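Pasting in a structure now, in structure tokens, and then I'll have a few things to ask.
Which chain is which? They are A, B and C, in the order written, and residues in each are numbered from 1.
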Amino acid sequence: MMSRSTLLKLLTEACELEHGLACSYLYSAMTLKSQPDGRLPAEQAPMVRQWASQLYFIAAQEMLHLAQAWNLLTALGGTPYYLRPNFPQNTKYYPLHLKLVLEPYGEAALDRFVAYERPLELMPEHRFVQDAARPRAADGESFRTIGELYDSIEQGIAALPNAIVGDPAAQVGPDLVDFPELVKVVDVASAQRAIRSVTHQGEGNATDRTDCHFGILMALREALLRAKKVDPAFEPAHRALPNPTTDASEQYGAPHGSLIGNAYSRDVAAAFDALYSLMLRMLGYTWSPGGSMAVRRSFGRGAIILMASVLKPLGEALTQLPASDDRGGLNAGPAFGLTRHVQLSADERAARVLVSERLSELTAQVGTLAESPQAVSGIKRVAASLGRVAQSI
Amino acid sequence: MEAALASFVRLSSALVGDDLLPDDLAALYFEQARTALADELPALLARFTHLLQSGVEPVTALRQHLLPDPRWGPPSKIILALWFNGGIKNMAGDWAPASADGYYRALVWDVIGAHPPTLSNGYFGHWKYPPEC
Amino acid sequence: MPADHFDVVIIGAGVAGALIADVLAARHVNVLLLEAGETGGDRGALTARWAAATVKGLGAPYVASRPERIPGPEQPATEADRKNARDVYYDQQTPEKYLSTYERRVGGSTWHWLGHTPRLLPNDFRLRSTYGVGVDWPVGYADLEPWYCKAEKELGVAGDDAEWQNVHGAFRSQPFPMSKIWPSWSDELFSQALREVPISGRRLAVLSTPSARNSQAYDGRPPCAGNASCVPICPIGAKYDGSVHVKKSVAKGAQLWEKSVALRLEKDADGGVRTVHFKRWDQSEARVRGRLVIVAANAIESAKLLLLSGVANSSDQVGRNLMDHLQKAVLGSAREPVYPFRGPPSTSGIETFRDGEFRKMRGAFRMSLGNDGWSRSGSPQTDVARLIETEGLFGRELRERLFHEVSRQVRMSCSVEVLPNPANRVTLSPLLDSFGVPRPQLHFATDDYTRDAFGPALDVIQDVLRALDATVTSLDRNPRNYSGAGHIMGTCRMGFDAKTAVVDADCRSFDHRNLYVVGAGAFPTCGTANPTLTVAALALRAADHVLSVLPALAAAPVPA
């Protein structure tokens, strides 16, 4: 039987994977061009914008999965977990042996996405034989697909006596955060429902399903290959730096990332990371049973608005800024870098002070960046949106 | 860039209030304006250039010399509306675009915090929140 | 079987015909879909054509590839035609006009429907016995409920189970296949206001509108990305349209003959209707035979075909009782930005007034909240032109004013019930279309039952806009000024017997037992629900019935 501690550990692993996947999808989506240029003919631009919306949708569902995993974690006695290694991540870091990286939209990125979401029965044969020959570890720690990881968690919860110990008041549903499909976990049956909703949206069980992520990604890949066949010069995405970072130090940076050399772009990327980290902490606070419903709802809602109205356009703006001072070099991009920080205090007053102070600091910072002659129009709009979010919280 | 296009861009920038108009879009709208305003456009551009050369600020040139003028006002307004609406109004009151791209990139959608219909660049549910604007 | 003999010939490849073809083909029935329109270009090409079009009407993406105009109310050929668009095809001599149109096309008018799929209410099926007006249906809500569930699954309906359980007694035995389409920012502001301010002493609930629009990937189609263009085209196929089941049925072995206009049905000596004469776009004529024939054009074309053929009309009800939902839109300006022109054009509504004792006296109405600003009376382009031409604005000032005005535009609409009236009807015009086929002559007038509903509906809308602290900018109380909903209903009504109705509860002709007439033409009354889901439920039910009678028809000898 799996211990509670092992179950919690597996769930944190699921959180890291869902979270990492979301960033990887978001990065590629943010690199897709929203206007035609020399390598994206005007008549193809609408199709490319539709591709971006598909990828944003999958990323939003990974975010929902992360929230779902937080409900499971909380129900089993844990707390929301959002840490993960910075990009690029080591292939050996998870038993999946798949590299989580940030790279522009293209064939390589799509091949990687398809591999993340691939059902076991569609594994390439050589790996399938290897993996199938490798017995599944009884403790679930050696999963071959994300689906298997969730299977182990589901079985572990069913077998664990008195599995659900968390405060039901800590559970978050659509009443607190805008995920209409988020299942509150209050007993073993709802835990099962929660897990199945996640695996259903991901790889799916049957190979002919086209409505799961795997199916959407395969269709995106085919569409890209078709467009490239017609026009080999077709380039739907900005040439953005793979795995950009604002800090390539060994300390707590992304030592294997690519440093953004242009000072202005680096400042914008740093502001993105700071907002991203604040968004995660606000979202996490929504799971605090101690906080008042009003503040939990306001932080949960604020976090989602930050994602939609601030991080998305800011990330898109970054992929249009130069990464270095060399003319004709690559563009920058959002690093999704995590660094040392504290979680929001369960003390509501302290949490509110921290959030509102941080929001006004960052609003001022982005406001200054928007005034720079190097600013692209997206940044001006982000500054305005941020001002409004800051006001509303 | 040919001189006429360059002065079309300068005039357009003053009209729409944006110094960073995309070159390819300017070329597209310039062609459309040149066809629709075959008689008026060269004279209008010459007049605008002349005003600038005599030291008049672009916005002042528009506000005081061009827009209120019975000769220069109508073609200036057609160019302004072309940038905002992506087309030129025909007799029936419809906006004829130069192309799908000309329609999609019209300024109006961005200014009102929306996007051109059929082209949201959004994901499921984005309409639940105010836009970034 | 010869190449022009089928088990079942379905006339019309819209949502009803396609659903039936899919059910039959799955059971290895040899089925033909005969369609007057064409498949046309792919969705991307249609969308691009619309974007490049000067006149952005309903038919703009679907202009036919044929050089001459294809008959139909949405295919205007010239500027002059367009100004009188509805007279180009319909022949209407009455002072009031019938205003709804349709598209001839594989997949039908669902290409440009909004996608709303509320169900009819239990009392909608028994209007005569409950309120003493209209007629009763030969089926009740409970009979149709399982078929509603199936239809929701086939079309892929997104909805909120909790909100929609037992609305006016309409129980739901199955959950929606998908969670709801998210309400817009503007809906939230309305909901908030109505939570705080009672309207005529009651709290009005704003409900998310069930829609055949994906809120997640479903059935191989992507989730809605909020392209705000359901009408006239969804650029990504997130919204259901009839082409989905056309493709499915063809993959299962059904045949599709497009660009083939049915001219008339021919009656055999034994009274069976088995032969369909049709004309192709190249003007060649041919015929096709089926053991069973299903007429699945829309309510105007189905009635026209039966009248042309002189069949199925012993009741003299074919063409009569033409209905629509009549709409009025009220426009206003909110105090703060509501950000219209984003997301589906409408995502929420008020269902409160869809049933009640008042229906003894006047029509019920459904109300919808718009996310489409003032597009019922113009477009943001109209606002640009106004600010430039009448106020002389430009540059930054123009941007600011434009944002200030357009971002606050709100719309609320009511959609009013119409009673069946035998004098409201489709007949054959002496005027011919470009195929030499008589055009439909329409006779339509409203009555007090409908007109008396506009006043109370407009009162509610005014109160709601006041609750939102919005200024009303356009409200027309003249009951003769309304717009059509695109809901073409009646004309081939179902009923209890051959004397009073064209078809029975299974959509089977009383006069010819191998002839079926499906679609909204079969509705005896129209309630206030957008008709497509009920069309789909009745079609699935009819398909099931067809499967039950086919073995006997297959065994019987067919006259030569």
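Assume contacts are C-beta pairs under 8 Å (C-beta built on N, C-alpha and C of every residue); 3 or more make two chains touch, one makes a residue touch a chain.
The model shown is predicted, which means the values in this text are computed figures rather than measured ones.
*Asks:* Tally the contacting C-beta pairs at the A-B interface and at the B-C interface, and name the larger one.
*Replies:* Looking at contacts between chains, B-C has the larger number.
*Asks:* Chain with the smallest distance from its CA centroid to the overall CA centroid?
*Replies:* Nearest to the common C-alpha centre lies chain C.
*Asks:* Taking each chain's centre as its mean C-alpha position, how far apart are subunit B and subunit C in Å?
*Replies:* 39
*Asks:* Please set out, as single numbers or ranges, the residues of subunit B touching at least two other chains.
*Replies:* Expected reply: 99-100, 104, 118-120, 122-126, 128-131, 133.
*Asks:* When you check subunit C against every other chain, which residues touch at least two of them?
*Replies:* 47-48, 51, 182, 215-216, 223, 225, 235
*Asks:* For subunit A, write out the residues touching at least two other chains, lowest number first.
*Replies:* Residues 43, 46, 53, 57, 178.
*Asks:* Given the complex with subunit C, which residues does subunit B contribute to the contact?
*Replies:* It comes out as residues 14-17, 59, 62, 67-68, 77, 80-81, 84-85, 87, 89-92, 94-97, 99-100, 103-104, 106-109, 111-120, 122-131, 133.
*Asks:* Along subunit A, where are the residues that touch subunit C in the complex?
*Replies:* Going by the criterion above, the answer is residues 43, 46-47, 50, 53-54, 57, 61, 178, 180-181, 201, 210-213, 215-216.
*Asks:* Which positions of subunit B touch subunit A when the two form their complex?
*Replies:* The touching residues are 20, 22, 24, 99-101, 104-105, 118-126, 128-133.
*Asks:* In their complex, what parts of subunit C are in touch with subunit A?
*Replies:* Listed in rising order, the residues are 44, 47-48, 51, 179-180, 182, 215-223, 225, 235-236.
*Asks:* With touch defined as at the start, can you tell me which subunit C residues reach subunit B in the complex?
*Replies:* Those in contact with subunit B are residues 47-48, 50-52, 54-56, 79, 82-83, 182-185, 188, 215-216, 223-229, 233, 235, 337, 339-344, 347, 371, 380-381, 384-385, 388-389, 392, 394-399, 402-403, 406-407.
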